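First chain A sits with chain B, and in the next complex the same chain sits with chain C.
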Partner chain A sequence: MTRYTAWQARHTLVWPGETAVEGVMETLWSVRRPVRDLRPGDHAWLAYANEDEQRHVAGAFVRDGLLAREKVIYVAGSVKDAVPGVPPGTPDELLAFLPSGPPDGGRFDPVATARAVTDEIDRALAQGFRAIRVAAEMTWALRRPDGLDLLQAFERRIEQAVPPSTQITAVCQLDRRRCHRAELAALRAGHAVLVAPDPEFEDAVLRIVRTFQPAGLSLSGELDASRHSVLDQALASVISGCGTREIHLDLAGLGFIDLGGINLLTEVAGRHADPAHLVLDRVSPQLRAVMETVGWNMLPGLTLGAV
Partner chain B sequence: MSESFTHRLLPYDGVEGFLEGALPFLRDGVEAGDRVVAVAGPARELLLREELGPATAGVEFAAADTWYSHPSRTLADCLSDADATAWQGRRLRILGEPVWASRPPLEVLEWQRAEAILNVAFAGSDASLLCPFPSSLPAGVVAASRKTHPETVCGSRSLANPSFIDPWAYSAQCDGEPLPPPPASAEALKIDLPDLYWLRAYVGDYARRTPLPDEDLQRLLVAVTEVVTNALRHGEPPITLRMWTRTSGDPSLVCEVTDGGRWPPGTGYGLLPPRPPGAAPSGRFGLWAVRLLCSIVQIRTGDAGTTVRLHLRLPAVPARKAPTIDRA
Partner chain C sequence: MSLEHRALLYGDMESFVEATVPFLESGLEREQAVIAVAREPGLSALRDILKPHGNAVLYFDSARFYEHPVRTLRDYQTIVRQSEPRTVCALAEPVWDGWTELQTREWVRYESLINVVFAHSGARALCPYDTAQLAPRIIEDARRTHPVVVGDGHDGANDAYVDPARLGMGCDRARRFDRPGASEYMAIDGADLHALRAFVAERATAHGLGRRPAQNLVTAVNEVAANALQHGVPPMGLWIWRDGDDLVCEIGDNGFWRPSPLTGFIPPDSALQRGFGLWTVRLLVDLMELRAGWDGTFVRLHVRR
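Here is the complex of A and B:
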């Protein structure tokens, strides 16, 4: 027992390095934070891969705010855009929707839009709101004439309002599919925080996070029988939610998986009438050695993916 | 299925005796269109190729030392070969002479057990296995071979083997002797928490002081986790983990899990591969995989409780060079 506690004292759990899942180099000065860890003063960035990721991340940001009775200001292109994550029965005064796109083909007006946002903020403060969330979906603005310059001008204004504040949190969203790499890089540089999805599960030993491109889960830490059920749940929600038949598991951060865990993966892969395929990405040589010893013929439905 | 499974012993004296039994077995297979495999060392292979003449083209040769790498692995590979061959509508025929001489006693025991268990594993297949045993082998090895092979080849005939015993009974005999007690130097850890994270940290910490390679450490961690998980689920407290290194004989890292419970009869002890693959409940899959992950697994279960002892062979570390004294 003495050696055991000595080990405990010597080692503190450190999550393995965060991964750049967005395919763009992360700037050195930016931090990556799950939605739930965003704090007032954060001016955060979300370049989502698809609607699923937007719902998951921006939707959680909106929902958490509304459920906590905070003011949520949502900026979008037109009245037709839906606000993700609004719980049923949300009182009108909590949510301000600002459709800011000018008529077809018109230029985006960064000054007017930023003023609409700051006016809303001032109103909320006057009404006694102690916390305010601003969520802006700006892909439409980028696609207007001079979009990048004007959007950057807008971002500068938001940057002037948010980081000094102890009450405002902001998330700027862009649809990665509709942006050029260079545009994303330029806009992203103006944000000190990258917002990530909340983990599906997290404790001192295991963390499970949704991934969206490719669709799946990223696992870090160690998985054994005490946490099979949480992985089972997380897998079930990915499979039911994303419709694709191929689910990717990013195992780069997974230091251990037990036989029951491996068995669970094959079970999940075989559970559906249309068997899902589980692709295991970035498996460590040690885990690969275990799977090879067990034999891939014992693991139907599992394949090795990216190294 | 036109033929039924055969597993025959070919006791022989000298090269002539070997060829007398082996050549007809191989030739008949080639003629019948079977998939014919001869597992042999380099010298035997050369001899067989020469004697077989044109029939050599119909025989696959496999090197004995890689073929007989690990009892459970070899059994699984043979089974899937038999399945694959049956799919093609052919019969699998293997001539295989296990490597006995260079093995430490614990391994010999496991190979003998595998010879017995394969009778169960292959039942229902149409494979045909012929195992040559030179009379020069130690008497114990020859005697055991008569218990594990249902038939003996005698000239052109094969006779039922009167010493053959039920494979599971034979396997139980292999475990008849109590395990030697752990050495006084063994480190012991009582396991009372279901979270095995710290247990692995402890095992990893110990193993890193030995020359065990990283990949084997991972195999050990998976095996220990499985055995302890089983003990927590189905066993009785107290559950204790002990670790030590065996330096005499075959150097190995030993990891033992004991608990106060007793396994129900007929558990199979992970000796048979789950079939069809992947369909087995995780418990059975588990113990089968534990055997594959370790060099040797010893199990004793009874009124006094259950002990599962996992051995992982340690790579030979070159002995430290004695300091040389310059006498010039």
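Here is the complex of A and C:
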């Protein structure tokens, strides 16, 4: 049982005739883990929807490693690419940046790139690092001639190095907007772990996770007065961080929300001079019953989204 | 803009039609939003007679419109809001048969609350009372809840009218607050109400409540308990018991609160307004009773299966 399914089994109010909705997808061949739960040997996959998601997820992977004084090896297309999540004042020896793209139009060289990575790993091990994180942004490689085949060759080499290791964790990133569906499916199949954002908040009763497409939050568990302030904070950070005026809340996993919570959502929607619009997706029957009872005119700034 | 709230006492269909048709037509002439909520066969008679006016009059059957007093108030308020800037002219015939004593009292209170909720709406409401069918005490109550009474020899002046707050207090005094010995009790002692919700959900399902009424009860109980935690004085707790088809939950604390007899009855403007919580609780359950006594504050919620 993963940390999340164990959490969910404990804390979701399940009504008769209704099964708890899976907030996080798991399949037989892959497991989804928040950044903080990645462990050595994980060769993980991140197909990000936009820069916000990349910064949030890959950035946390890099930052957590550097703050823990682990070695971080970052692979990217060119020197122009910034490494996300680097805290100010990070000592040079912790971070190795490998811009691996050939000149414009050239083929991606999986052998040379993989060797550069394994050389860097060997060097770090020789220096006495106990834990090593590899983060590779590979969208550029896919877009070169024969990109899919060559990138798969690279991935196979990473797969040979990482899973047997008790010291190396790797995250391969692709910009979903620049990949075809078939390419994503083929590449994803080579990864046993899907990396997810760390929850904004998680305790025994409530879990709040950022979503990026659409921008917003996913709530699961139960919300009552004891946790209004954490939701308020999470909402404030999404609204200030993502620059869009429409925030989506995925409520599929939220078994209960109290009237104060509804009040809070209405208040947040109307708080700003330029009011944010809150779209409630996959609203539970409990919340729907309340909203229909009080009437939508009581809830300015809130709309119902996906069912 | 003031409210005109009249009771119409009628003894037969002829006198019903003679009074209601000119009333509704005067609304059309004044370009008000005109609605007719009436019982059958009066409703069909009105539709027939007013056919030349087409869709200008909205018709509702009282049997459907008067199911839950606080929800009916909400529905009239929605009509008033949606009709703006026009004012509303409403024929509003309540239903008086089929209620328990407790429910009848709440409908009397409802008639009185109309005077407060719509005080500044500019609406005109005419409430027909069938003297041939209704018990004399219902007619007496109509005099207490309508500032003006017409028909059946009445010319309008009504000195039996009672101020809504005072009438509400009278309704409250008539209640009984004994609690059966077989009730179950659960203390409310932490900010986290998860266990309380699970307990109430389980009892609601066991009582045979449908999913939606059960969820609404849990939402209502949570709100009242959260209020007690925020404003009340420990110890706080929940009693729950069955009373025939009713499941009853009572949340009590040791605090001394002096709520107005109108507390939670007046629809707020939005979820942001104070009072949204208690008003919503009243909508979510069949009946909410509030008692502030020497021994504490108690909120009782009834839901029928």
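We take it that the second predicted complex is superposed on the first by the 280 of 307 C-alpha atoms of A that agree within 3 Å, B and C clash if a C-alpha of one lies under 4 Å from a C-alpha of the other, contacts with A are read in each partner's own complex, and residues count from 1 in each chain.
In this text, a residue touches a chain if its C-beta (ideal position, glycine included) is under 8 Å from a C-beta of that chain, and two chains touch if they have at least 3 such contacts.
Worth saying up front: this structure is predicted, and the values here are computed from it rather than measured.
When both complexes are superposed on chain A, chain B and chain C clash. Of the two partner chains placed by superposition, chain B and chain C are both touched by A:260. Looking at the shared chain after the overlay, A:270 reaches both chain B and chain C. In the superposition on chain A, contact is made by A:299 with both chain B and chain C. Legend: residue contacts after superposition of the two complexes on their common chain; A:307 is shown touching neither chain B nor chain C.
Contacts of A:79 after superposition: neither chain B nor chain C is touched.
Contacts of A:182 after superposition on the shared chain: neither chain B nor chain C is touched. Overlap of the chain B and chain C contact sets on chain A: residues 11, 205, 222, 224-226, 256, 258-260, 263, 266, 270, 285-286, 289-290, 293-295, 297-300. Residues 76, 80, 187, 189-190, 194-198, 200-202, 205, 214-215, 217-219, 221-222, 225-226, 229, 232-233, 273-274, 277-278, 282, 285-286, 289-290, 292-293 of chain B are the ones touching chain A in the complex. Remark: chain A residues 11, 13, 15-18, 205, 222, 224-226, 256, 258-260, 262-263, 266-267, 270, 285-286, 289-290, 293-295, 297-300 touch chain C in the complex.
Chain C makes touch with chain A in their complex at residues 71, 74, 78, 81, 191-194, 197-198, 201, 205, 211-212, 214-216, 218-219, 222-223, 226, 229-230, 268, 270-272, 276-277, 280-281, 283-284.
For chain A in complex with chain B, the residues that touch the partner chain are 1, 3-4, 7-8, 11, 205, 222, 224-226, 256-260, 263-264, 266, 270, 285-287, 289-290, 293-295, 297-301.
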